[in-house]
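Take a look at the structures below.
What follows is a pair of complexes built around subunit A, which joins subunit B in one and subunit C in the other.
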Partner chain A sequence: MKKPSLAIAGLTACSGCQLTLFNCEDELREILERFEVAYFPMGQSDPDPKRHYDVALVEGAVSTPGDLSALFHFRNASRLLIAFGTCALHGGIAAQKNRSTPRPALLREVYGDRAPQLESFPPAPFKNFVSVDAAITGCPPEKGDLLRLLGAVLAGTLPAFPSYPVCLECRSRENLCLLLERNQLCLGPVIQGGCNARCPATGIPCEGCRGPVEEANVAQELELLLTRGFSREEIERRMSRFTVEWDYGQRS
Partner chain B sequence: MGSVVEVNPLSRVEGHGTLRVYLEGRHVERVELCLTESPRLFEALLLGRSFAEVPDIICRICSLCSTVHKVTALLAVEEALKLPVSRTTRLTRELILHGGQLQSHALHLYCLLLPDLLEVKGVADLARQAPELLKAGLALKQVGNQIQEELGGRLIHPVNITLGGVGRRASRDTLYRLRDGIESVLPICTDTVQLFRQGFPFPPLSAPHYLAVQTGESAFSGRALTLESLPGIPVAGYREAISEWPVEHSHAKSARVRGLVPTVGALARLNLAPPAGGPVGELFKEVGGAVTGQDLRGNALAQALELYQSALAARDLVEELLEYDPADTGSPPVLTPAAGSGSAACEAPRGVLIHGYSFDASGLCRAADVITPTSLNQLALEENLLALAHGMEGAEPAVLVAALERLVRCFDPCISCAVHLVQL
Partner chain C sequence: MEISAYLANDNLPQFLDTLRAFGTLHGPTLSESGVSLFAPLTSLDRLDLGYRRTQIPPKKYLFPFRDTFLEYRDGRYRFPSGDSKRTVLFGVHACDLEALAYLDQVFLSEPEDPRYAERRANLLLVGISCTPDDYCFCSEPAGSARCDLFLTEQQTGYLVQAESSAGASMLKAAAKLLVSAPPAPPRTPAPCVIPAQDPERAYSRDPLWDEFARSCVGCGACSACCPTCYCFDVRESTGLTGGGSRLREWDNCLFQSHGAVAGGNFRPGRVDRLRYRFLHKYCGFSPLQGRSSCVGCGRCKEVCPVDIDLRELIGKTAPEPGGGR
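After this line comes the complex of A and B, so read on.
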């Protein structure tokens, strides 16, 4: 059977999703054997930008015209386009001030007089521009999710990821509830699980890096945090760290 | 007639860059390195955020160096708020930084640089043509990652290291596992040093001005910077010594330190503080000639030596942590907002990294500044690219461009880190 061809690329991002592939130290050699690595500038020279890919794993948010044309290219050239990581799926860390500060003001803050020369718009997820066939969430993504996806693609299908909140795994690990028992600003109730509650398990509240869980009861989380004494401003600041497009009135 | 040869994208480096060589016949007019990464705007994202959020946000600037960005931010915020940290916390941070260095150097040497040595195109070719070498390199990388995951809670963007403490102290079982892992790769470390003794087969480059953090109690952080034999530069006053400016063709910035073009990273560290004594000191006596006083061609060997140094230091730290006071759990203190300013400098895998922050009375960030190793190296990299291009004048453009791209890789740039600017 012909090996599926694979493209791995990044837009506005920290390269952490691509590094997650390198971090599969035990499986990397087999992945490189079972796929034809057609485009992967971070790991392989002389990429051929003109070809067709069976799968494209693309990380990062879309924040420049260059990002957008790269995204269109990967969409057009690929049978399956995978939004790889929280930035690609929800906008991520770079988008956190999209609602609060206009882009030109942010650019001026950092680049001063050169700001007007830069082509940069509010970072946005892929779904604002193209259709996406599957997604892996997380900042960083879980290695297991990446391996499940690659394995499923080899078997001619796509994986079904869980659609329950972080709290479910957190409770089954019998962690102390940081929200109710420690009065900490934990976002577990509204955030996509699948990380096995890594952060609360070490005593650190969920910062929301995996984005909203399906049918999140956002309004209820907001009310709960308000009654616990957090200010609306502080809650929104924390919730927007990885996902800025929350509907604070949403009830599931 | 003039022509331009372009490499786009630069490959086997972190982030997005383009290399352009402007030729007049076979004569090299100019070499341009464009860091084309999208603007990241991290300093602007931090303004108005609480002091407690700063380390969690800023570590997302770069995945390869997320641990050292996090620790540097913690140190700077702790200085601003005058937060004390316990011995357990200090040792844990020291160990996780060694883990970060192991993973970063192993990734660079075995996945990004080794293909040049073996004349293949990349990591996928290595898996077919040199599977045993790749396996060894990945084993080394995995031990670094094991340290980062066990102590940091996850592989990238660690959560367990926090302001004033650790979320959960490493258990004895964890420490035993780490010790076993480290010991299993020590033979690979010495093999790595031998493997990367093969030099860079191109003409000499310009003589570097080495810059590094003056380390002491910690192997990574310190209160001053050393630039060659000049008097130390206090980290608190780094702004007076370092001048930075935007570059026209790039989204990054260039820097000079006390008017000189600095070179930071493994080569600079081993020149300013050569390994003495112990197994690494012995090995350095044998191979150090290719590092001491050398230009960037010695950087890969310096990284290989540091891999060995970090593995041994990590093993010692595990022993220390096994013996520490059980009462010192490293639990983070209750944090109260306060006004203050603080800065910190650490040696990231790629060199000097500086963070500086100011907070108002409600603990909200009012100023943020990050100086990364890749921006400190940017001018030296450009100077060396031009020197190499002139040294190879007359070569076939494809050969010339391949050599230049290989030189960029020797610097091990981290482009997503470099792409941000501050108001001066």
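After this line comes the complex of A and C, so read on.
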């Protein structure tokens, strides 16, 4: 049987999701035996885009005309397009100021006089432009999720990831509830789990890097944090870090 | 079988060491971050006898959060063993013992759950009396027979009562640490003050339902920490080399995915999920219909970030007319 071909690429992002592949040291050999890595700029000397991929794992937000044409290329060339990581799914870090600061002001801040020549628009997730076949969330994604996806693709299916909030795994690990017991700005109740509550387990409140959980009660989380003494500004700033498009009135 | 004896406080450490002969000794401890949890008593200094309630109840010993129960490869499958070791769980309160008795009914009724059964057969339970706090809503039971051994705190020691042959063996092994005592009065295993509710109540028009649905953040803590919640999800993952495994993991009626099926959802709204929770917890499902599985431990009340307490729906004097949704 022909090996399925794999593209691993990125748009506007830090490349951290792509590098998740290299974190799978123990499984790397198996992956290379079972997949043809057809396009992987982070791991190839002379990456050469192909006309067809079985699976494209694409990270990053869409923020330039170049990003958009790359996204269309991967959509058109791939049987399965996977939104790989939080930026691809929710806009991520690059999009955090979308609502608070106009794009030209941000560009001026970073690029100074060169800003007007840059073709850049507010970073957006894939779903604003194309349909995706599956997604792996996380900043960066859990390596286990990547392996589960690759295993599922080999079996001719797609993985079933859990859709519970961070709190479930956090409670099950018998962590201290940082929100209730330490009055910290923890986003656990409204954030997609699957990370085994990594951060709260080490005493760091959930920063929301995996994006919103299905049917998040955003309005109540906001109310809860306001009651606990955090300012609306601080809450929104924290919530926007990885996902800017929250509907603060959403209850279900 | 009823054998009782008196254990002086001074002899407790030696008594606990005697119990180690019956399995790895676990008991209530306090984690570094200050969470109360059942854990191995590697040293007796870890024992936290005055604990109120652990965050996660003893169900974790029988029905762990995540459990791989089937593995397959090359067209064959096998059920891996649960790898349970003989364990003595010391210091369990009457409410948690009652909860385990309930889980026994769920998992050990025919057809019995082999993984639960394997672990249950390896678990010995030593109960202990407790002092209820503001979160507890039990009937302050004087003891429990749902264990192998029960310790009732006295002025300067404990009245120890064997409730099974294993408990009697424990007493025998510790005989030189004990003095004779009159048998304790018979126990009434009814730790929760909430009796089974009429299922009509789960569908009442009470405006509290909407209030709860509005404020529930859906974190799932009430169910994760409930000693009798046992819903689980089953997921399968395929490895890179062709084999795969199937695991079960605690599920939660507060999650949207709990009622999701191909083509729709049995409980599309949060209010439907809360009603369902009430129905299961306080009214019971067949074959345990008509049985409340609340044991009054108070965990759901303590861990809820928004102070939802489904019992408020019961506090109302006159039952609401049913059918409204």
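Please note the rule applied: the second predicted complex is superposed on the first by the 249 of 252 C-alpha atoms of A that agree within 3 Å, B and C clash if a C-alpha of one lies under 4 Å from a C-alpha of the other, contacts with A are read in each partner's own complex, and residues count from 1 in each chain.
Note that a contact is a pair of C-beta atoms (placed from the backbone, for glycine too) under 8 Å apart; a residue touches a chain by one contact, two chains touch by 3 or more.
Keep in mind that this is a model prediction, so the values were computed, not measured.
Engineer: For subunit A, which side has the bigger count of touched residues, subunit B or subunit C?
Structural biologist: Ranking subunit B and subunit C by residues of subunit A touched puts B first.
Engineer: So, A:I204: does it touch subunit B (first), subunit C (second), both, or neither?
Structural biologist: After superposition on chain A, A:I204 lies in contact with subunit B alone.
Engineer: Applying the touch criterion given at the start, work out whether A:Q184 contacts subunit B, subunit C, both or neither, answering first, second, both or neither.
Structural biologist: Touch partners of A:Q184: none, neither subunit B nor subunit C.
Engineer: Contact-wise, after the overlay, does A:Q250 reach subunit B, subunit C, both or neither (first, second, both, neither)?
Structural biologist: neither
Engineer: Let me check the overlay on chain A: which residues of subunit A are in contact with subunit B and also with subunit C?
Structural biologist: Common interface on subunit A, subunit B vs subunit C: 203.
Engineer: Considering the complex alone, what residue numbers of subunit C touch subunit A?
Structural biologist: 31, 33-35, 37, 54-56, 65-66, 213-221, 224-225, 233, 235-242, 244, 249-250, 252, 255-257, 269-270, 303, 305-306
Engineer: Under the stated contact criterion, what part of subunit B meets subunit A in this complex?
Structural biologist: Residues in contact with subunit A: 9-16, 36-41, 43-45, 47-50, 53, 56-57, 60-64, 66, 107, 111-112, 115, 121-125, 127-128, 131, 134-135, 138-139, 141-142, 145, 153-157, 159-160, 162, 167-168, 246, 251, 405, 416, 420-424.
Engineer: In their complex, what parts of subunit A are in touch with subunit C?
Structural biologist: Counting only subunit A, the residues touching subunit C are 27, 30-31, 34, 147-148, 150-152, 154-155, 157, 159-160, 162-165, 167-169, 171-172, 174-177, 179-181, 188-190, 203, 213-217, 220-221, 223-224, 251-252.
Engineer: Within their complex, state which residues of subunit A touch subunit B.
Structural biologist: Going through subunit A, the ones touching subunit B are 10-20, 22-23, 25-26, 28-29, 32-33, 37, 40-47, 63-64, 66-67, 93-94, 96-97, 101, 105-107, 109-112, 114, 118, 120, 139-140, 143, 198-199, 201-204, 207, 209, 234, 237-238, 241.
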